[in-house]
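The structure appears below as structure tokens.
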Amino acid sequence: MSVTATIDAQSDGAGVLPLAERLWETRRLSLALAKPVSAEDQVVQATDDASPTKWHLAHTTWFFETFVLKPHLAHFRTLDERFAYCFNSYYEAAGPRQPRPKRGLLTRPSLDDVVRYRHHIDTGLETLLKSGVPQRHPPVGALIELGINHEQQHQELILTDLLALFAAQPLRPAYKPSSPALASRGEGAGAVRWLDFAGGIHRVGHDRSAFSYDNECPRHEVLLRDYRLADRLVSNGEWLEFMADGGYASPAHWLSDGWAAVNGRGWIAPAYWEGENGEWRQMTLGGPVPLDLAAPVCHISYFEADAFARWAGKRLPTEFEWEAAANGLPVRGNMLGSGALRPLPATQGGLTDKPTQLFGDVWEWTQSAYSPYPGYRAGPGALGEYNGKFMCGQYVLRGASCVTPEGHTRATYRNFFYPHQRWQFTGIRLADDA
Amino acid sequence: MSVTATIDAQSDGAGVLPLAERLWETRRLSLALAKPVSAEDQVVQATDDASPTKWHLAHTTWFFETFVLKPHLAHFRTLDERFAYCFNSYYEAAGPRQPRPKRGLLTRPSLDDVVRYRHHIDTGLETLLKSGVPQRHPPVGALIELGINHEQQHQELILTDLLALFAAQPLRPAYKPSSPALASRGEGAGAVRWLDFAGGIHRVGHDRSAFSYDNECPRHEVLLRDYRLADRLVSNGEWLEFMADGGYASPAHWLSDGWAAVNGRGWIAPAYWEGENGEWRQMTLGGPVPLDLAAPVCHISYFEADAFARWAGKRLPTEFEWEAAANGLPVRGNMLGSGALRPLPATQGGLTDKPTQLFGDVWEWTQSAYSPYPGYRAGPGALGEYNGKFMCGQYVLRGASCVTPEGHTRATYRNFFYPHQRWQFTGIRLADDA
Amino acid sequence: MSVTATIDAQSDGAGVLPLAERLWETRRLSLALAKPVSAEDQVVQATDDASPTKWHLAHTTWFFETFVLKPHLAHFRTLDERFAYCFNSYYEAAGPRQPRPKRGLLTRPSLDDVVRYRHHIDTGLETLLKSGVPQRHPPVGALIELGINHEQQHQELILTDLLALFAAQPLRPAYKPSSPALASRGEGAGAVRWLDFAGGIHRVGHDRSAFSYDNECPRHEVLLRDYRLADRLVSNGEWLEFMADGGYASPAHWLSDGWAAVNGRGWIAPAYWEGENGEWRQMTLGGPVPLDLAAPVCHISYFEADAFARWAGKRLPTEFEWEAAANGLPVRGNMLGSGALRPLPATQGGLTDKPTQLFGDVWEWTQSAYSPYPGYRAGPGALGEYNGKFMCGQYVLRGASCVTPEGHTRATYRNFFYPHQRWQFTGIRLADDA
Amino acid sequence: MSVTATIDAQSDGAGVLPLAERLWETRRLSLALAKPVSAEDQVVQATDDASPTKWHLAHTTWFFETFVLKPHLAHFRTLDERFAYCFNSYYEAAGPRQPRPKRGLLTRPSLDDVVRYRHHIDTGLETLLKSGVPQRHPPVGALIELGINHEQQHQELILTDLLALFAAQPLRPAYKPSSPALASRGEGAGAVRWLDFAGGIHRVGHDRSAFSYDNECPRHEVLLRDYRLADRLVSNGEWLEFMADGGYASPAHWLSDGWAAVNGRGWIAPAYWEGENGEWRQMTLGGPVPLDLAAPVCHISYFEADAFARWAGKRLPTEFEWEAAANGLPVRGNMLGSGALRPLPATQGGLTDKPTQLFGDVWEWTQSAYSPYPGYRAGPGALGEYNGKFMCGQYVLRGASCVTPEGHTRATYRNFFYPHQRWQFTGIRLADDA
């Protein structure tokens, strides 16, 4: 990707911490997220989609090594040349790599060795920062900024992938005991209110005044029609209604590929739902808990989101309808910092004419296929592979989830997954024509 | 789908034949296309994507039976109730069906029985037309219109699927001997000229003044930026340059899923290309022929189209850029009626400021994911499944191919296939930002 | 394989027809078996295991061409060199070939072309026979003898594979209408009588005094313990008892791989059984018929045979126990010549101390893995691949089935299939220790 | 399996330790084998065939719990009921279980928990032994004996599976540094000498005078022909000759299924061989080492063993030829106790007329399919599943390997694997007819 945001743009904003401070905070947070689980938990790969915690810790480190230190720190010394093979994710231009479905075979290097690797790279980064190069050469600062954002994405993945791992275990362990304060209140979410938005020509995408990913750019104009959005996310209780109405048993509401997925994968409920004697429980990072009817439905595929919307007589929003509605709203909500680690029921918070839960709780599927913006060109070299080569077959999600690190999202942020994937914290907000 | 075009709209146009005439012409053409090949050729299924000729003949007949005669012809008698299971394609609401990859098992009913089945349904259609019902009740006429267009799609498939079958045979037979007049001239296409188009708000989609598919509607406004299109299709000669430059050997230009397809499927050239002693030949409906450097490249996937465009420093057009350029141009070119049965080199024809080859030769991949237009809702019942449920994971192609029946396409026509599929007559026209 | 049987050995026996007569009879029979079905029926491949009728007609012809005419007929001219690729089955030494699961793609050469190919080769064989070479050079005669036996095997396969094809069709056609005389009598088979056999050293295998396959040789001694055999085959009625007792629902009686097959393939009854309202019907070459309780169970895998035997507190015989019991008994029973085309209930026929149904009705699974006899060495060249290279992972079956051509089997004959295969006419005779 | 060997039979032999002593020694050895590797190394599953070390430690413990303590120790208390699901291997009668290919997901219970589990069961076993029950009730003692032998099998698997894990790692770690004393001498093994053995009726199988597995019984007579055996195992140097002669490149010597395996799996050398610049290295438990030409070839499939033998103009021995030759010879060789952890070149040791390397180095493939002995019946209940249900599709191996615990093998011992499996320490001794 082409990284043009400058360090200055980042540090002179209101309340934005200096680069170095954010770097060390990010690096510390990754270790902190890994701390509650054992070396055994950190080495195993739950599914082909997920990666081991240890791998995430090492890969984010390799990223700094490869794209920041090797090209920009004089006299930098690599700890072990073989780590590049182990911890390159998908950058063809950065050389061969351990196949994705085999990341869980890497018992070596050990977790201790990976922590030492992190320390080695942190020392290098410290040297680089002290040299003043990133401050004097904005592109170097921007690479560090990218590394921070990259690591934040993997922080979300650490928790997402640990949930996949724990849900696959007969012993159903908890990452962190579920707080009693989060206990289900046994009642549904309140009635949905529909908020109206005016169409016309809107400007969308990031203006590069601060850090953004290349896939959010260029900023450009789009033409929208008048539309409406639900003020809150679809709840578990509403999902149960869909299920009770034969949602998973009749092809009428499904895309063709979606119906094939339902049957081929045996879906009868969202991922991580477990039925016992007619009662549904949900596997969470706090272990199995009773289903909270008021909380947003989570761990659903695009196929399920789309079928639900059609069943409800509505539709999913486009990514630009979502962005236009989110534009200018404060970026806050139930994210990683809340410590809940699962989506929570909507609370109105007084903004009666604004959508709630836009940021946090769950990533919201949109009906927009993940495509390049007009004028988008992937940058040269390995970093050009960061986003551009995935613009096919996936759908855009907007917002943030309950495990997204604070500071990592914004109204223009584009997340993307394949339509069958359910292991992420994904949900729905309904839309409709005006 | 919701079928609202009326019979009147069709028959009072300039040069448009009456409904009945077009119906019988279409029904005759299907049999005529099947005539050159044997009953053996007509029963076998070449791949999971392709279907047997006999199945196409029967399925199009089942379509008229199910959606026209059963609901609208009094005293209609079904020939064999079991045919519905055999010849329903994918309409869930129309009941269970022979699995798609097993269509080639249907040695029974025999080809003779299928021809009898066609005759039985044709007799019913004749009775219905003579009753005046389609003329008096536009929805019935519109269903017949839909049946005609549906059968035209399968006429293209009959030839497409026969090519797949013949290309899979050690004896490499020809559907129809290749005309000497089509022989390769051994020289490349002329230089590409770039045509400029103005952006702004454009109206796209069909206005339903005549027949169209539901996926072309509603007509709506889109916002385009200034853009440029190549005046002609990419040629085989240009494709050889891409190959010579390591097009299939380096990941740099490929989407991630595309690079996986190249390696997983072992692609080293377009489908149906066969290399011998450094010379490429191409399997066609006329049998194997030397590669015509000036002719449009054909049988390439979206992945290949996209990689080629990136390698060329250009991009694929969006479907609306294509439509805006095609709007108002005459719908003619190398289609089924030419008898060539393969794409031919571009000829200028005097229109020096207009794109050539827009209709005919090959379907043109666009960069647009196949999605519903704003306000689109699939109609109720089985016909609602015609287009809507496939709006996921596929890409839009525009134009027509050398085996598209005349009268079947238009500027608003949206064809769609998965990005890995190559058995269709598919090619590329390059686009660029202004 | 090494072919050492001489022409004389065949022709001077009591009632054994001269070689030429048997050759023409065999060649005619293949066409006669194909006659009731259409060209469409003859081109399609039902499953990876089965082959199209047309392919069988051509492959048996290619066999004579490749191993008899090309090496032994002066001035022999090949009709089409490409047929070798199309119709070689598995002989690596005879060159590349159409992959087995793609035999059904061969719509070309057409059935008419294959009949012409047969005629061309028959003319060559006639010339060769008239030349006197086979009579003067026993190895040449032996090759013709092998070709006859090879074609007989494929005659059985033509019917076996057509049943697979017809059973896979929604229209459930009949190869030949089922005779009323074969109609189910609705009663079970009589009680099993157990026949005692003495152990000790027995001579088994063929002495090469007449034609045999190489896998029946060398004749050698084996040591048996006293044993018992059921006088008749296990019946459908007995199989229903097994099913009613949870035979397919409990792992207790199954081999580990067998239990995996039951679950992975969803077996709940023998192949071609179809349940309707608690009534079982069986698809046969005569179309679907009510289950005949007295008839032998058929179309079961080794896994099912083995599980049934364990459930019954018995075991399967070894191939040598079977051979010792069959030794010297007349080779007759319900084979192809009877025209029944399905297994029939046992009839005693007066031989109260001899096993019935040894030859005909169904091939009998033994507990013997298909292994080479002591001293066996496969012959040189392509013919050495005939049997030897399959001696791994398969089990021996003895006897013959209701579609085995008369004259093709004997007490030493070793048939063999993989333990999961069910499309053959396979059944069980129980054994026990003395 | 039916366990009839008595405790007395074990303890009154010359030099055989008392049951309790052997039990504790065995239990200690498992932990000792796991000690050199980390918790991370112990939790990961290298392939579907292999299991994690931690799983082996727990499963062997579950075996004692399930078959010894639960039925025979009064007041026994289970530590965690859920462990039965986690650590049951394949005993259908013992309830549901973690699917085999998902054993590597079990990060919980932790290694520490598993060690605690072992301690808990050891305490129970100690209580049981002190109660005198095993001494007074031979079947209980026999169950402990079975548990010891079962754990010994898993000790071999711990090392075998760790090699699979380490060989799959980019860092190629060593389980234990390779001893310089084992370094390759760079020269081939000496010439093979052929030893003659007389045929006739031989008694084979175990007489149950001491512990044996049920698959070694009943002892019975077999008829052998005169035969010859190579005095030593086939060496790496000889295998290189096979490879140089196109061993993996020509179908002539291969079984049909073997040739499919060569091509489908891309075999070009034994497992764990790694080529660099024309030099072969071999991954071992001591890490990668240069190929020792004099050492026995190892990690080959049955298919490769069979092809090599045919290429060499010889054959594999039957399991009874091997047993008759080994009968009465001392059970010693390069087994686990030697500490070499890989096969070593043959040393004559003065017994010039006896085969060497019979026990230790590598398990020797025989040409015998793994089938029940005459009169064999699997015992009732879950233990009846120990051996009997695997008697299909596998081949018998005889002897022992370099990682077989001392005391675990004997002349009658039958090991068995599928013909494509290579991850075990498997090799060949050639045989020939007299």
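Should a chain be cited, it is by its letter among A, B, C and D, assigned in written order, with residues numbered from 1 in that chain.
In this section, a contact is a pair of C-beta atoms (placed from the backbone, for glycine too) under 8 Å apart; a residue touches a chain by one contact, two chains touch by 3 or more.
Treat the numbers as computed from the prediction; the structure is a model and nothing was measured.
S.K.: Which chains does chain A share as contact partners with chain B?
M.R.: Per touch definition, common to chain A and chain B: zero chains.
S.K.: Quick one: which chain's Cα centre is the longest way from chain C's?
M.R.: Computed centres place A farthest from chain C.
S.K.: Find the geometric centre of each of chain A and chain C from their Cα atoms only, then give the gap between the two centres in Å, rounded to an integer.
M.R.: For chain A versus chain C, the centre distance works out to 60 Å.
S.K.: Rounded to the nearest whole Å, what is the centre-to-centre distance of chain B and chain C, using the mean of the C-alpha atoms as each centre?
M.R.: One centre to the other, that is 47 Å.
S.K.: Between chain C and chain D, what's the gap in Å when you average each chain's C-alpha atoms?
M.R.: Averaging C-alpha atoms per chain gives centres 38 Å apart.
S.K.: Once the touch criterion is applied, which pairs of chains come out as touching?
M.R.: Touching chain pairs, listed by label, come out as A-B, A-D, B-C, C-D.
S.K.: Chain A touches which residues of chain D in the complex?
M.R.: 38-44, 46, 54, 82, 85-86, 98, 102, 104-111, 165, 168-171, 173
S.K.: Write out the stretch or stretches of chain D touching chain C in their complex.
M.R.: 90, 92-93, 201, 220-223, 225, 251-252, 254-259, 302-303, 306, 367-369, 371-372, 374-375, 385, 389-393, 419, 433
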